[in-house]
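I have a structure I would like to understand better, so I am pasting it below and will then ask my questions one at a time.
Labels run A, B and C following the written order; every chain starts at residue 1.
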């Protein structure tokens, strides 16, 4: 499960509420069938990976991984054994004797993960665990996490503001905005049938074109069209002037201005590409149009 | 060429100035040390007394026995160690509460606590002497130790470090079921070691060097005197035995000199912690 | 709500030692001293009578207190500016990269290791009129060293105490100002240098403003120490020489074994409270007065 939303939307707070670091002001928190509102964090059968990893800087990697077990009173040899297993799972054995300060960002991230794994929780909570890594490492780690999820078969709740992470890693995605749940569904579902105008614009790069009410169709409905569905059509309903042409190699992004509304269209490089300043007309297959209520932003079927 | 000469002359001038000033600053210590290692007339034959000749340990030895310095040193050592350990513990606990725990009136309480730093010992000793008296603590180690066991400055200093520890560290520990004392002992305290070292050093020095309170709470009981107030007994009516005082001074100052050489870094850190952070 | 209160038992337990100690040994005596300051006592100090807040005014205007106030303020004026200037001077001088500068730094810091008692007794020995080194070596220029001795002349006794204090505090002042100097970013000097500022100008326009907060701190500490001078007096002059008592500072008036009010609890308390107010006011004045001109680094 991925919690996705812009910063400040409440996704971290939600995660922390599940962890028991914050109390809900109203409502119940269930883990499995168990209501955990009054359960101490340590008894919730969860483990959390923090954005900053929260490793103990003065302890070695091995001691860091063992620490949750030590607190639980697990015997020394068993502790070491399990820590070694968790480290092995993540390829951390060579670093066991080092301290966090001597590790790279990616290694630290894996230590934090290992420290969560040794507890064998039924739920893993992750708060933007990849945001402190550089772009390339983030890509690799993303794949590793997906693989890990498959192997250890527990629930992951994963907070991110990065839609790519959400789309590639999520079994299900929950999109939040301003503390409100916007939509829950599979990534494809959320992409194909966004439940609100916010979700429509938040997911997808470049974002969906959202036309002001009345520009296409009824006065009470906003029409949304993804850039790849906005086609150049000489007889099209939407008239605009080309403002920008970006050649990205595998595609061309065309930005145009239709009476003050910015339209972005994604074209094949082999297609006919107009030039900046050219008047153009767009159209979109009615089946590819999304309709949202102009006041509530909710999807109209 | 000319610039080089000017620079050279300037450098020489600076060195001369430094040497003269260093001589003035160090002279009192040097003179006392020299006298302490002379005996009888040799220590009074000025300025020959300042030369490192005719050195002997007999004055220091005499001061040691006549001043009962061994006992005084032990007393000071014991009192200072107890106070140091006590202050580090009470500061750790209180700082933890102020840094990591949630409770009503935390802010106002902290301010009120800090405000007591403004009350100098010179004001409270009048009444504390009475309190110690009513507890039967005059002429006792309790009297020397207990009133100094809490340090507002210590609480402030340690809290400052605790607040700089990432909050996620405490949260991660809480998720693992780590209790407050365990987190304090296994994570927060080890991570604040430099500050705790400075605090400990300062408390030790402050206690070791204290004069007013010991001079009031110990009233002539030679068995409980600290070195600072006990040294005075070496001041003798027989003026020719003045060098006994110098012997005593060397004995009293030596442990502190050694400590400061060993812990120079902590000293500077501690001194500047108050000045720079404020 | 629950979360806010869950920590309360822990907070109480952890704060208790510190708060109890501070309550008993700092707050209680302060309150009690304020209360006892109302008392006027007979010669034995046993029979006392509550005469109200007016007692403070009586003590404040008494000859003894006025005299001691004068002594304490004089001592402050003798030690604080000199101590600051010497501290800055030595620190600036030793801040240059010269070979062997470490030795000079160690020497200038060295008096930080001396306690009040040690420093006072060092000067006590040096200043002995008949047999002290200084008397023998310098009495040609300064006859007072020999007769009657710096500590025994009512005109110079306080000066001698001031010497001892300044010297003893020099190590502390030097260390702190050196640390402040080292925290001034070098590029500020370099940019001033490029702008054509000479060394005097660099000192007044870069160094002084940058270390001003530290100087303020050192000034407050030195002032407080001057007002609290007790051990030096007890060991060097016992408040004397009599009958002028030119070294009976307020703390010595309160705590000195030879002080006239030594047994008078009411007067002692009142004097202690007045001393507290005095140091508070002086600290506030220094902070207020200098705050505007001081730039706390970004």
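Methods note: a contact is a pair of C-beta atoms (placed from the backbone, for glycine too) under 8 Å apart; a residue touches a chain by one contact, two chains touch by 3 or more.
Just so you know, these numbers come straight off a predicted model, no measurement behind them.
Student: So, comparing each chain's Cα centre against the centre of all protein Cα atoms, which one is closest?
Tutor: B
Student: Computing the C-alpha centre of each chain, which chain sits at the greatest distance from chain C?
Tutor: Chain A.
Student: Measuring centre to centre with CA averages, how many angstrom lie between chain B and chain C?
Tutor: The mean C-alpha positions of chain B and chain C differ by 16 Å.
Student: Based only on mean CA positions, could you tell me how far chain A sits from chain C in angstrom?
Tutor: Once rounded, the distance between the two centres reads 62 Å.
Student: Just how far, in Å, is the C-alpha centre of chain B from the one of chain A?
Tutor: 56
Student: Going through chain B residue by residue, note those that touch at least 2 other chains and give them in order.
Tutor: Residues: none.
Student: Counting only residues that touch at least two other chains, what does the list for chain C look like?
Tutor: Correct list: 3.
Student: Could you list, by residue number, the parts of chain B that touch chain A in their complex?
Tutor: Listed in rising order, the residues of chain B that touch chain A are 166, 168-169, 171-172, 174-178, 182, 186-187, 190-191.
Student: Help me check something: in the complex, which residues belonging to chain C touch chain B?
Tutor: 3-8, 10-15, 17-19, 21-22, 24-30, 32-33, 36, 90, 93-94, 96, 98, 103-104, 107-108, 110-118, 121-126, 128, 130-131, 133, 136-137, 167, 170, 172, 175-176, 179-180, 183, 213-214, 217-218, 224, 227-228, 230-231, 234-235, 251, 254-255, 265, 268-269, 272-273, 275-276, 279-280, 283
Student: Contact residues on chain B for chain C in the complex?
Tutor: Its residues touching chain C are 11, 14-15, 17-18, 21-22, 25-26, 28-29, 31-32, 35, 44, 46-47, 49-50, 89-91, 93-94, 96-98, 101-104, 106, 109, 113, 116, 118-128, 130-131, 146-147, 149-150, 152, 155, 180, 208-212, 215-216, 228-229, 231-232, 235, 239-240, 242-243, 245-246, 248-249, 252-253, 256-257, 260, 267-268, 271-272, 274-276, 278.
Student: Hey, which residues of chain A end up touching chain B in the complex?
Tutor: 19-21, 40-43, 46-48, 50-52, 54, 56-58, 67-68, 71-72, 119
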